[in-house]
Every structure is written in C-alpha cells, then in structure tokens.
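What follows is a single structure, written as structure tokens, with notes after it.
For clarity, chains are labelled A, B, C, D, E, F, G, H, I and J in written order, and residue numbers in each chain start from 1.
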Amino acid sequence: MKNDMLIETFPNPHPLRPYIIEHVVHEFTSMCPKTGQPDFAQLRIRYIAGDSCIELKSLKLYLQQFRSKGIFYEDITNVILDDLVTSMNPSWLQIQSTWSVRGGIHSVITAQHGQADPLSEPRL
Amino acid sequence: MKNDMLIETFPNPHPLRPYIIEHVVHEFTSMCPKTGQPDFAQLRIRYIAGDSCIELKSLKLYLQQFRSKGIFYEDITNVILDDLVTSMNPSWLQIQSTWSVRGGIHSVITAQHGQADPLSEPRL
Amino acid sequence: MKNDMLIETFPNPHPLRPYIIEHVVHEFTSMCPKTGQPDFAQLRIRYIAGDSCIELKSLKLYLQQFRSKGIFYEDITNVILDDLVTSMNPSWLQIQSTWSVRGGIHSVITAQHGQADPLSEPRL
Amino acid sequence: MKNDMLIETFPNPHPLRPYIIEHVVHEFTSMCPKTGQPDFAQLRIRYIAGDSCIELKSLKLYLQQFRSKGIFYEDITNVILDDLVTSMNPSWLQIQSTWSVRGGIHSVITAQHGQADPLSEPRL
Amino acid sequence: MKNDMLIETFPNPHPLRPYIIEHVVHEFTSMCPKTGQPDFAQLRIRYIAGDSCIELKSLKLYLQQFRSKGIFYEDITNVILDDLVTSMNPSWLQIQSTWSVRGGIHSVITAQHGQADPLSEPRL
Amino acid sequence: MKNDMLIETFPNPHPLRPYIIEHVVHEFTSMCPKTGQPDFAQLRIRYIAGDSCIELKSLKLYLQQFRSKGIFYEDITNVILDDLVTSMNPSWLQIQSTWSVRGGIHSVITAQHGQADPLSEPRL
Amino acid sequence: MKNDMLIETFPNPHPLRPYIIEHVVHEFTSMCPKTGQPDFAQLRIRYIAGDSCIELKSLKLYLQQFRSKGIFYEDITNVILDDLVTSMNPSWLQIQSTWSVRGGIHSVITAQHGQADPLSEPRL
Amino acid sequence: MKNDMLIETFPNPHPLRPYIIEHVVHEFTSMCPKTGQPDFAQLRIRYIAGDSCIELKSLKLYLQQFRSKGIFYEDITNVILDDLVTSMNPSWLQIQSTWSVRGGIHSVITAQHGQADPLSEPRL
Amino acid sequence: MKNDMLIETFPNPHPLRPYIIEHVVHEFTSMCPKTGQPDFAQLRIRYIAGDSCIELKSLKLYLQQFRSKGIFYEDITNVILDDLVTSMNPSWLQIQSTWSVRGGIHSVITAQHGQADPLSEPRL
Amino acid sequence: MKNDMLIETFPNPHPLRPYIIEHVVHEFTSMCPKTGQPDFAQLRIRYIAGDSCIELKSLKLYLQQFRSKGIFYEDITNVILDDLVTSMNPSWLQIQSTWSVRGGIHSVITAQHGQADPLSEPRL
C-alpha cells in the first residue's frame, strides 16, 4: 500500500541487546470491501528492533489511514506487517489482529516476519 | 457428509508467507442423535492457508446445515475438519469444539490436519 | 401463539409464602423473520407462583418450538410472557431475553406481568 | 421434615443490635425425586438473629442429611427455611439456592421469613 | 442535527404493556472537533416504546453517520437522544455513552427523556 | 474488650460536610475459640465522621491485637464496631467481615452504628 | 487550595436537560504529608452541570499539580470537590477517590455537593 | 475397584486420526475415609482414543458410585484413571481432580496413562 | 529450621506411576524480621511423590508454626522446601509463595527440588 | 544513569539453589521527555540471584527517582535492567514494563540479562 502518512522511527537506544517491544492498538477501524460496512479490530504488534524503533504517534496516524479504506482481514494484517518491516527493518516482528463479531463469528489473524531465536528472545 | 451448501473460498492474498487465520464461531447448534435434543457449541477453527482462504459467509451457511442434523460430538468435529480440508487444502488446520453442559459434564473435542512446523508457524 | 407442546405445571408446594423462582435458559434459538438467519438468546424467567409452578422439562420443550419459527426480539419476549402467564397464572412474572451481537449491536428485552409488592417480595 | 440431626444454636452475643449474619454453603447436594439423579446447589442463608445464632458445624451436618433425599428445588428451599426459623426464631431470614445446569437451564429459588425493616437493617 | 439517513421504526407489537428494550452498540466512533482525532465509544440505549420501535439496521446506519463528524462527548449524547425521541416518541428513553481513555481519563455521559414510573417499569 | 493499643484519631478536615470514608483491611486474622485454629477475614469499615477520623496506622496496630485472641465471627465484628464508635464517635459506621471457607461454608457479618440519613449520605 | 493552574470550563451544550457526566481519572498521584512517600488513586468525578462543563485537558493539568503536594486522603478529596464546585457551579457533583493498598489496607473516600433529586436524575 | 456399574464405550468414529476428547465433570462428590465428611471435586478427563470412546451417560453413572465411598484424593484419581484405561484402552489419557478447600487448603491431583507424542498430538 | 510439629506422611497409594500432587495454601502468615509486622502469603506446593505423600492436617499445623516467626520471603520459601524434602523425599517438589502488597510491590518466590523429567511428568 | 539513591542488597540466603524471585511494582511513574506529561507503568522484575538479593525498600526508593525524570519507555526499561544487574550481579534477570494507554495504544517492553538454563530453572 502507498500510504501518504509514513511510519516514523527513532534510533533504538539499546541496539546491542535483543528485547521485545509490544504496542497494543485498542481503536483500529477499517471498511469491509464487500459490504462497505465498518470493521473494528484490536491490533497487537510485537517486535525485536534492529537499529530503529516505531515512533508511537506516527504509528497512530499511519493506522488511522485505514479508517476509510476497504480491505479484508487477512490482507490488511499482512499489509501492515509489510509496511512496518519496510519502515524499520526489525529482526523479528509479529502482528495479531482480533476482529469484532460478524454473523456470530469473530476472527484473529496472526502473521510474522523473521524467526525469533528462542534462545535469545526474552520469554513471556 | 454430502452438504448441499458448499464452503466457498477466495485466493490467499499472501500465499508466500505462512500465517495463522482463526475463526471463532459462537453460535453453533446441532441435534443429539440419541435423544433428539438440541446441542450447542462454540467452534474454534485455526489454519495456515495454502492457495485459498475460507469465505466467512459461506462458512456460516455451511455450519447452519447442522442445525437439524443428529450427530455426535466426536463425529461432527472430524466431519467439519474433513469438509474444510477438502474445500481449501490448507497446510495446517485445527478445529476445537466446546459443548454446553449435559448431565453436569461439558466436553471439548480437538482435531487437526497436517503438522504445523513449529519453526515456520507464528507463535502465540 | 398456538403451541402444540403445552407448558406443564405442578402444584406450588408452599402457596402461602410468596417467594421468587428463577430459571435461566442458556440455549435459546429462533429465526429472524426478515433474514431467515438463526438468532440466539439467553432467557431469564423470574416469577412468584400462584397455585402452580412451571415444570422444567416442559418449559425446555416449549421453548424448543421456537427453533424454526421466524419472530422478532420484541415480539417473542412478550409472546413467551403471555404463554407463561396463561399456563400458570403467577402473581408476578418477569422475562428478560439477551440476544447475540448482530451488526455490532446486542439487545436485551425485559417485560413483566403483575406488580411485585416491594414489601412482600424477597429482596435480592 | 423430621430431621434426625438438629440445628444447634448459641446465644446471640449482641442481641440488642440488629445485624446481618450470612452463611454461604458451597457444597450442597440432594437427589431429584423424579430421575433419582443427584442435584447440586449453592445456598446463601442471611438472617438477623433474635436471641440465638446458628452453630456452623450443626448447620453443615443438618444440610448433609439431604445428600440422599429426593426433593424438588422449590420445596427444599422452603423446608430449610422452615427448619431454620423453628430452630432459632430469627427476626428475619432469607435463603437463596442456586442450582447447577440441567437441560441447559439453571434455577435460583429465593424465600424469606419476616420482613426486614429497611430503616433498621444494615444496607449492603 | 439534520441527518441524511433517517432512523426507521416499526409498530410496537405489544403497545399496551410497558416493557424495556435495550440496544448496546459496541462499535461507535466519531471525531474530536478540537484535535481532529477519532473518538470511540460504547452506546447503551434503553427505552419504553410508545407506538413504534427502533428498526435495528437503520439505527446502525444512522450511527455510522457520526464516523466523520466532529462533535464533543456531552453534545453527541444529547443529539442522539433528541433524534431518537423525535423518530419514535417513546414514553421513556435513556442513553449512556462510555468513551475510550484519553489522557488517562475515560468518560461516561448519561441522559434521558421522560420519567419512567417506577411502579409500571420492569425492575432490573 | 480492653485493648492495650488504642485507636488514634485526627481532626476531621471537613466536619461540616457529611462524606463517607471506607477502609478495606485485606489481612485480618484471629483465632477460633473452639478449635484454637486461625481464622482469616477481610474487614470493610465505612463511616461518616463526626469531629475525628481514624488514623490508619493505629487502626492497623489495633487490629493486629486480635492475631492471638480466640473470638467468634459474630462477636468480633460487634466488638470492633463498639471500639471504633467509642474511639471517634462517628455519625454513622458500618463494618462488614468476610471470613474464609470452613467446612465448605464462608460467612459474612455486617453490623452498623447509627442510621445514615439516605438524603444526606452520598449515594454509591 | 490556591492552584496556579485553573480548571477551565465550556458552556453546557444542553443546559435545560439535567444529565450526568462522569470522568474516571486512572492516573492520580500525590504525596503522603506524614511519610513523604507517593500515594496513588483512581478518581471518579460525576456531576450534573449547571451552565458550564469541565474542560478535560484543564482537569488533567489541574490534577497533575497534586503530584508533588503532601496531603491526606480525606482532605484532598474534599479540596478537589470544592475546587470543582467553585469552577463551574454544578447542580450536583460527587467525587470518589480509591487509594492503593498501604499496610494491607486500601481506602475509598466519597463526598458530594448538592442533593441530586432522585426523580429528575437519570437512574443507572 | 470393582464397580457394579461399568463404563460403556462406543466405536471411535475416526480411529485413523489421533485427536483429543475432553470431558469436564463439574459435580463429583465422594467421602473422606478419615472424617466421614463429603468431599467435592471437579474432574477433567482428556484422552486420545484407540478403537473406542467413553459413552457419556455411563461415565456419569460410573462416577456417581463414589458418592458414598470413602477414599483419599490421591487414590481416587488413580483408581478412576485405571478404570478408564481398562474400559477403553486409549493411546493416552490424563485425569485431573480439583478439590474444594479444606482447612484453608485446596488440592489438585494430575495423573496420566501413556505418553502423548508431542508431534502427533494436537497442540492446545 | 527445627520445628516442634513434624510433617507427617502416608504411603503413596500408587508409587509405580509418577503423578503430580498440588496443595494450595490460602492462609499463610508469618512476621517480617525487620519491622515486626505480619506478612501474608499464598503457598502453592506441587510434587511428584516417592514412597510417601504429605498428610494434609500435619501440613496445616506445620505451616501455622510460622505465625509468630520473623523470617524473610526468600528464606522462608527455601526453608519450607527443605523441610518438605526431608520429610518425604519426593522425586520432584516445587514451592511458590505469593506475598501481599508492601509499599506498592508484591513478590513471588519460586524454588524447586529435583528436576522433573518432561517426558515422564504429566503435562498441565 | 547515575542515581543518587543506590539499590541495596542483602546476601542470598540459599545461594547454592537457583530459584526465581519476582517483584511486581504496581505504582511506577515517570515523565514523557517529549510532552512533559506523566507516564504510568507496572514493572515486573524477575531474577535468579547470584550472591545477593535486592532489598525491597531501596528498590522502592530507587524507582521513585524516576518520578520527575523525562525518559522513553524503551530506554527506561533497559536502564533499570542495567542498574539492577550492576547492583547485584544476578545469573538471570528479566524486566517487563506495562504502560498506560496513550492515544488508544498501550505498550509493553520486555528485556533480560543472561540466559536462564531451561533445565535448571524452576518452571512456572
């Protein structure tokens, strides 16, 4: 996706130590391309930074651009993953989107970039 | 099972990246073949798509066909698993059905197709 | 509504003392008359009996008759209220139906027959 | 009911001040007189004592006598209420029994003896 | 507010009996007129109908019109209240909006039309 | 009870306005006078002060004196109520003790001094 | 208290209808005047506006002034109540502060200005 | 243990695919052999079937036989495990019993038969 | 620690099968050696027995001996671990103590004896 | 960071046995270096001690020094990790900070020092 509002980054203050950063977005909304109806989701973004970290305000503004876009659950999750990877080149990044109930069914999409080394990654 | 209403699919928008799709069905009901009484369950379907994904509305309609069918917990879970695998040939699919209390006992059936490679599968 | 399966009653074992009986039905389902799609609800029935009490198994079978009936939330709640009042003539009866999410909205309908005397009714 | 094991009491240590005593019994079980199957309930007994209070161990033993008795929800709740009132003559007593799910329905029965004066009773 | 999409109604199926209808909207969003940032809320609408009831789909579409409107919490709650009262003339209507956290503070606005008679209104 | 450690007070900083002060004590323990076994409770003390308020540290030390005292649930609740009333002469005071499970039963004792005027007391 | 940062207000957009506005402050902190240690609380402010409403950002900044002030629970709750009443002259205002555990005890202080007319106030 | 009521089985409808069946028994009760007092537990039985599955009604009746038997927590859990293994020869079976509080302590016993192959077993 | 009250054991009824026994102690209290103030904790003891099991009543009495002992969190957890290992020689034993909030901080100490073989140990 | 208040330690009472110590700090607050607004977090510190353990009161005072410091989420988590490692040289230490919602997003940062040997570390 070509987004007008870019994701900004700042230098990772502790680049030598791999550690996990998690941002949970409680207020994501987009549009269903089929019905034109709004969709609502919670996004959980977790990553191990390379040289740079996501700047939170630009993340918020970047995600607000989907407010009037029509795009499917599976697609949007991978698109945001790709945009985040391009913006800051993390060593590992996982995104999980949890969608509101539609027709008695709710959906959760989970995708990731890179493979966290279970030996070097902090355990939760 | 021969179902009149087929499960429809759409092309996986990101086929090169294995990622997990989860649909939680809150409103499943079928009939007990022994007593003729209704049964109620929550279904959790999780899969890594191959070339195609489940279309949600057809999934809903497919599952509604069980509303008047008499079938046991263990059987129905495996039948839905087989139907989903046939419809879209996923690289991995897991289904879990959680049933309402009967006689002070509630039941949970979990079956899967394929073996998710723990190295390539996103961790939850 | 003319129901083939009648609600049966048994004599109130303690008719001289007003007390509250509550039945919470976790597995109610009917059909939407507009879309033909299934609806799901939890029903809470509370009453102060007159001479007779609801027999539980017949209540279950009576409510199962709605499984294939098309009827709106507001209507069905009042219809069940009327049928229960006709069947056992309680001094007070309240029914509350809580419906599954549709289009991001869930609904709760509450109706009652008679006016519980706040002085004679057990407080909860 | 004629119970072999009587409910014992001890003198109310503060008879001049009306105050509320509540005992919540987590492990009550009796038998269904119709099916012969066990029933399980939680009992909540609340009262304002007159001259005497319930001795807890005798309450436990008294309630264990229902373990092999066949008796309906509505009846048993009123029987225990009567037995407690006879044993210790409280100025107010309320009993609430909450029963396990049967056929997708759970039940709550609430009965009381006397009328607590809302002006003299501690508010909860 | 002049809304292009009107709230539709249908005839109250039981107009002689006052009963409570509640719709809980989980997915409401509008814009902050000061910052231009999106706001998110849950709305709870409860009413006793006069001759007509709210049609749910038109309620959903009516509320979606606020998606791109800039309006304050206190104002929007009263505006929706006014629009609902105008549309269907209920004997009583209460609306409560619960807003997401902003600056470590979340807000709840509650307004109502008419005065429910505590004697004729079903108690919850 | 004659307690060596007295409850200290400090002057009510806003004596002209009746308002409610609540202290919830999570770590109360005493001894059962019958079995010699320890008892554990949570205490909730709520009051409208007269001229003086309870000093929290002295309350903690006062309550620790029960650590090795043998005393029944009903009695201890009233004794603490009396001691608090004597110490600071509140216009209203309520105490509620919630005790750990013994023999499958847990107990709650609620006593109060004075009658809060429902018109002048803040509603919760 | 003389505060450098004043609470700002804006005109009540619906002054003819009494309705309840509630702000829940999740991140309040002050200092204990006795020990010099930080205290933490959640504040719940509920009011029926007169001609003006609290502006949220100024409320946040006003409350941050207590970050380095030493003041007791009971006092601070009443001081904030007085400051809010002075700033916007509401017809009714209630404040409740819930404090973190200290010495195994947590506290809740509730104070209010004015007397809400239970007939004109929306019921919750 | 020699039980009069045998556990019945039915043929595994999908014997070629290893899948997990779980039954959670909410209403188990037995007797303490030392004190003669009733014990209460929740049982969780999970297994991968061989050629046969547990028939639910016979499981319920089998477990009711412990209602008047005196037997310790550790022993009963292993006895039921042995009886289930003998009845249906599963490839893996795990049983967990969670017991009510006695003397401020609650207990959980977990035993299993066979070793589930982590590669062939569905992951939860 | 030299304890006057010894931990008693009884023979493991199923010594050939490794299984997990867990006791959760809800009512543990000791003294802080620095301040002399009481401490409160929940203890979770889990073990795989060798030839003998912990007798529950003697465990309760053993733990009550800490009621008036001054000892730090880290020390007491290891002391109880040592005493239990000495008393019954388990093949594996883990103890976890969860302590009440002090100064806005709560603590959890976890220690174990032996190394459970993940292949022979029941999985939870 | 050069902190005036040092973290104090005391000798590990059981240095030969690796065990986990966890401190959960419920009341951490610092300042945002960008906006000057306060930030609030919960910190979870878990470690396996070497020769010395963290003294709790000095930990509390050390953390209070951040009350008026402006520092980012990612930085502060690593700074505290470094300070703790320097102070007591643990064999393993993990810190997790969970921050309040800002702009509809909350964040969790997790960093660790050393690599816990999964075979020697107590499992949770």
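As a convention for this text, a contact is a pair of C-beta atoms (placed from the backbone, for glycine too) under 8 Å apart; a residue touches a chain by one contact, two chains touch by 3 or more.
Bear in mind the structure is a predicted one, so any value in this text is a computation, not a measurement.
Asker: Quick check on the contact network: minimum steps from chain C to chain F?
Answerer: Counted as steps through touching chains, the separation is 2.
Asker: Could you find the chain whose CA centre sits the greatest distance from that of chain G?
Answerer: H
Asker: If you fit chain B onto chain J using only Cα atoms, how far does it have to rotate, to the nearest 5°?
Answerer: It works out to 145 degrees.
Asker: Taking each chain's centre as the mean of its CA atoms, how far is chain A from chain C in angstrom?
Answerer: So the centroids are 46 Å from each other.
Asker: Between chain I and chain J, what is the separation of their C-alpha centroids in Å?
Answerer: 27
Asker: Hey, what residues on chain I touch two or more of the other chains?
Answerer: Counting only residues that touch two or more other chains, chain I contributes 26-27, 37, 40, 100-101, 103-104.
Asker: For this entry, which pairs of chains touch?
Answerer: Those chain pairs which touch are A-B, A-C, A-E, A-J, B-C, B-D, B-H, C-D, C-E, D-F, D-H, E-G, E-J, F-G, F-H, F-I, G-I, G-J, H-I, I-J.
Asker: If you look only at chain F, which of its residues touch chain H in the complex?
Answerer: Touching chain H: residues 37, 40, 100-101, 103-104 of chain F.
Asker: Considering the complex alone, what residue numbers of chain I touch chain J?
Answerer: 72-75, 77-78, 94, 96, 101-112, 115-116
Asker: Where on chain E does chain C make contact in their complex?
Answerer: It comes out as residues 12-14, 17, 19-27, 49, 53, 56-57, 59-60, 119-120, 122-124.
Asker: Can you name the residues of chain B that touch chain C in the complex?
Answerer: 26-27, 29, 37-38, 40, 64, 67, 100
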